[in-house]
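Consider the two complexes below, in which chain A is the common component and chain B and chain C are the respective partners.
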Partner chain A sequence: MYQLTNEIFNRYITDFNDLILDNLTYINTTSSTHGSINVLNNYVKSVTPTKCICYSCIELIAAKEDRKYLKIEFTISYSDFYSVPKLHFRMYNNMDQLLLDMDQWDEYNELLGMSPDNEEYKKDYTFTIETNELLNSTWMSIHPCETLEVVGQFAETSIMEDDKEKIKALKYLSSWFGTYGLTRIFPRISYRPTFSGV
Partner chain B sequence: MAGKGESAGHNRVVSLVSAASELIEIKARLWNGYINVRILLYDYEDNESGPRSENARENTKKPKEFLCRIYRFSYLTLQLPNIIQYFQDFQPELAQRQLWFEYEGVPVKWNLPVGFLYDFLHLPSVVGDIEGSSGRSWTLVLRTQEYPSEYIIPFIYKNHDSAPDYDRCLKEVIVNQLKQSSFVLNGNSRSIMSLSETNSAKLWNSIKTHNLPVYESVNKKILPKDRAQRLPIKIYIPGTATIIQAPISPTKEDKTTSLRDVLETHLPHLFGPKNGNIAVPYIQGVDAGSLLDESLQTTWEIFKHLDNFLYIVVIPKN
Partner chain C sequence: MSGVISEETGVGKALKYVAIQSFVESSFFTKLSELKLNEFKLDASKRAIRGFFTSPKKLNKFNDFPTLNLDFQSFEKGPVADSKNVYVTGELFNVNTIEEFKNLNKQDQLKEWGQEIFNDIVAAKELNFKHFNRFYILTFSDLKKYKFYYWVAYPTLHSPWNVVGGSNEELVHKYSDKIKEFLDDESDFNQFIQVVNGKLVNLQDIHLAQHGTFVFIDSSLNKEQKPSIQLKNYLYFLANKGFEEVDIIIYRNNGSSFHSHLKLDKADFKNDVLPKITGWERTSQGKLGAKLADLGSLINPHQLAEQAVDLNLKLMKWRIAPELNLDIIKEQRVLLLGAGTLGSYVARALMGWGVRNITFVDNGRISYSNPVRQPLFSFKDCYSDNGQGEWKAARAAESLKEIFPGVNSKGLNLEVPMIGHPVSDEAKSKANFNILSDLFDENDIIFLLMDSRESRWLPTVIGYAKNKIVINAALGFDSYLVMRHGSLKQNEKDRLGCYYCNDVVAPNDSLSDRTLDQMCTVTRPGGALMASALAVELLVSILQHPESKGAPNGSSTKFGEVPHQIRGFLHNFQQTKLYAPNYKHCSACSDVVIEKYNEGGWEFVKKCLNDSGYLEDICGLRKVQEEADLATAELMGDLGFSDDEDEDAEWLD
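Let's turn to the complex of A and B:
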């Protein structure tokens, strides 16, 4: 099974960040809120001699008259404890109020692509509110205790033996982002990369 | 009369028994270790537009204070019922508010063990002042407004009366920490995930009531049956953003990993033959310099916190 290490993560996180920027889109359907996604800030930086973090700040804006607005910050880092990438995220409303309680998300169900009654969603997703140790601040995350096994299985079907190291890493990170990343948490956000130009 | 071999065997057994009883005594002493904490509540906390600055604080009326002993192997939120009960006479609304602690202007992270918080936040100011520090308490300010959610985890669960459910929030944090340490130790989190409801309740109650035998009897089910795959270690340097979260293999190329190996690998600028040791590692408030060449596995077994992490605070020498 393919194993992503901290060194490989550090080597290719900038390339993966470029892939995200090129392929992150907002899914509009005919029957629902039309919206858009804008990237407000994005960078990759070293926070310690051995740890890199990829930071992004995006905004979701509903095109209809209600003009619902959300700002989502997310980071991607490598968890040495779990040996997998880890996503931290947090949302703010248009008053810049931090929405760490899922009950506060209810009024944004349509914009985020959740069902009008997102009780099922809340049951399926147990987000952890924790300190992002690399940034020393409060963020939400999906607990990664099953990530290694699940993403390993998904990545196995896409990674070819003769793929170059960079392609292997990007395919693994893409599988992870689709399974435990932003697109999984917020159904209206899509990430469908192609590796032909990489 | 015993033969030479028998005598040597007997001595070995005596020394093993003596080492084991020493270990039990050390563990019991660590478990019962506590910190004297002085908690201050200022009057302005009851006033929406009250003064916030340090100067303003000095000018306000003398704060109310609550003195307590908190075990190193515990969490600040477990003290909140007593603190609320005491201060409620002065501020009746206290129970409904999201309470937090501040140390010298810094919000204190309630999700971390008290012993570690003391070592990380307060110990650097008292190191080298051993005589002066003996008997001195750790002073924290109880804050009732402007909860700093960006910096410390908010209490999102509420009781029926809308008061914060501190226990549920802490329990969730501890379970998540245990899942993490269990993953490092066992290669997966199954042991904690498959803990029965009864055992989960026993574990939580043992943490709440500070009951070592019950805690150990359940924690044994989470820990590896034989050898740990990797050891969950966290290294902090006070006054910096440096946090090293390192899963460490107990052995490397058939050699037992020591604390020195870990520090030289992760903090070569502070430890190592090149620079000499220009910092001191503290574990559970103890100068761990004498443990540098001991097996890390043994150090972890003795000094690990309730969440099964070994917290090391590295304080650079002046």
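Let's turn to the complex of A and C:
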């Protein structure tokens, strides 16, 4: 099974970040909220000589009259202990108030693509409030306990043996982003990269 | 800008720029508050910090304006570990009061900072982009409310250049590849490059003349072809060095590079005078004004603890048990009678479940044997308070707050009147009784966690009289009992028994004349943890039941069964659920006892305390005993034995 190391993560996180920026979109369906996604800030940074972090701040804006608004900050880093990438995130409302209590998210079910009675994200993940060690501050995260196995299986189907190292890494990171990253938690945010131009 | 029209071309307009926007990640303020508390304190002197821009080589379609990033590493000194971004230096001016922040003359301050930049770029011998990109941040940190007021300034020196003619695409095309190569080759970042005889040289080796061609590496990909405002300081520098007409290639990594031909309005430029300086950041609405970061929920440890505790509980609801009612648990006011081993562990488990209101009652002080078994106490508690040891209840309440400040805990030093222990000081006993009775009114749930059997009698009676949830946990040497008391509102046939329902005598003094091994503190230490944990889990199951304390024995909710009693044995590691219905002659929960209590209050209690025989009369146990004696005598008679004979009489005589 393909395994991403910290070194490979560091080598390709900038490319992966570019892929995210090129492919992150808001899914509009005819029946429900029309909205858009906007990237307010984004960077990849070496926090220590061996650890990199990718930081993004995006906003989701509903086009409907209610103009629901959410700001989401998220970081991608590599967990040495679990040997997988890790997502940290924080959500804010239009008053810039942090929404750490996930019951507050219910108000944004439509914008985020959650059906109100089926809170998938709540069932599927162990969310924690913890210190993001690389940023020295408090974030929400998904506990990475099953990530290695689940992402490994997903990545297995897309990674070809003769793919270049970079493509393998990007495919793996993309599989991860779709299962333990932003797009799985918030179904309305879509990330469907193609690797042909990479 | 003066907007003087050039006589030669007839065209002249000021160049338009894109302003820098700061992006202060919240860890910047977390770090600032830490430094303010531990290092800066009231010292408001200006301090060097640093920020970063995304490397112009890595700009993306979202980079409509240059972004100055600040985070917790902005305060670090020494070499920068990060080679992915472009670092600039700045200064932090953290003032101590909001008034200072408001009243500071912003114009004068900006001028002072502008002067520094002016001095840097006019006089400095070693020029690099950092001299042209200095930033300043004025802050006020309200550390009580975790509010941070800030305003960033990028002092910009004005020089009167006018655009002459349109963009020369040919020139842009000619140099684009060369610029890309130059940027890829260089180890240090350069933002402003001169073209000398078709070659690119950096600012350090500037070739002075009246005319010149320069490359500005843009830090945004703004679609309106406006260069970033950082260019202005470079243009001032050129004017100051005697350039009058320049070609500027504004280079971008996405193919949208463009060109501007600029001419200096010499009449409007004085070399030896500090120029007009602008640079206070505007808000996203385009207004001049400070920004506010309200980070209470993010860095206030109290708020964080509350949210994190709640989140952990909610995960259970979301992932495992959607019907779990957490609010009902959180709302409960819980009274713990006994702040010893059981009380300590019960309190901790209650906090784990999100209970926020806990009151301890105990009358003892912490002794040297306690801390190892009682997790709310530590060694120092044994000898503090002048060597006597702290009062248990008060210390336990304080400990809870140390563990979780969101808890509302109280500790009362109180003797619970005990049956079989005659009243010696009536005023005191009555006062204690009244306090206890009030505590029952103020709380929803009562845990009986004392170290003797008879001290549980009065709370059992009051619990029934006031219809409270009462959970009882008791320890033997290697066994434990955890049970819930019934309610008078239950049907008599379903009504659960209480702690005393299996007794045929009223409780009496069990403490006097006992050897050490008969006292209840002689227990296997783990038993208390097991009993405490079960007691709290039993409570949670009761609270999830629609009938609450009225839930019949063994009935279930989606959260599981609600048993009546659990008895566990450590000698064989077995645990059993038991059910014992109420006993109509019970000395604590029979209808008649509760009626007498409701009628007589303290007077009734006093009589019982003084003479347990009185209680046996009331509840009918005496009669039961007499009937039992009679029955025994009859049985003996039937069998041909005489119970009257004193077996010892023979030899005593």
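Methods note: the second predicted complex is superposed on the first by the 192 of 198 C-alpha atoms of A that agree within 3 Å, B and C clash if a C-alpha of one lies under 4 Å from a C-alpha of the other, contacts with A are read in each partner's own complex, and residues count from 1 in each chain.
Criterion: a contact is a pair of C-beta atoms (placed from the backbone, for glycine too) under 8 Å apart; a residue touches a chain by one contact, two chains touch by 3 or more.
The structure presented is a predicted model; accordingly, all values stated were derived computationally and were not measured.
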item: Clash or fit (per the criteria above) of chain B with chain C on chain A; value: clash
item: Contacts of A:57 with chain B and chain C, given as first, second, both or neither; value: second
item: Contacts of A:21 with chain B and chain C, given as first, second, both or neither; value: second
item: Touching partner for A:145 - first (chain B), second (chain C), both, neither; value: first
item: Partner chain in contact with A:128 - chain B first, chain C second, else both or neither; value: both
item: Which of chain B and chain C A:98 touches, first, second, both or neither; value: both
item: Touching partner for A:47 - first (chain B), second (chain C), both, neither; value: both
item: Partner chain in contact with A:81 - chain B first, chain C second, else both or neither; value: first
item: Chain B versus chain C as contact partner of A:5, first or second or both or neither; value: neither
item: Chain B versus chain C as contact partner of A:137, first or second or both or neither; value: both
item: Per-residue contact with chain A, leading partner among chain C and chain B; value: C
item: Set intersection of chain A contacts, chain C complex versus chain B complex; value: 47-48, 98, 100-101, 128-129, 136-138
item: Chain C-facing residues of chain A, complex; value: 14, 18, 21, 38-49, 52, 55, 57, 90, 96-98, 100-103, 119, 122-124, 126-129, 135-138
item: In the complex with chain A, residue positions of chain C that touch it; value: 23, 25-27, 30-31, 52, 54, 58, 60-62, 67, 69, 71-73, 81-85, 294-295, 297-299, 304, 307-308, 310-312, 314-315, 318-319
item: Parts of chain A lying in touch with chain B, wherever the complex brings them together; value: 47-48, 80-83, 98, 100-101, 128-131, 133-134, 136-138, 143, 145, 149
item: Touch list for chain B against partner chain A, complex; value: 109, 111, 149-154, 156, 172-173, 176, 179-180, 183-184, 188-189, 193, 232, 241-247
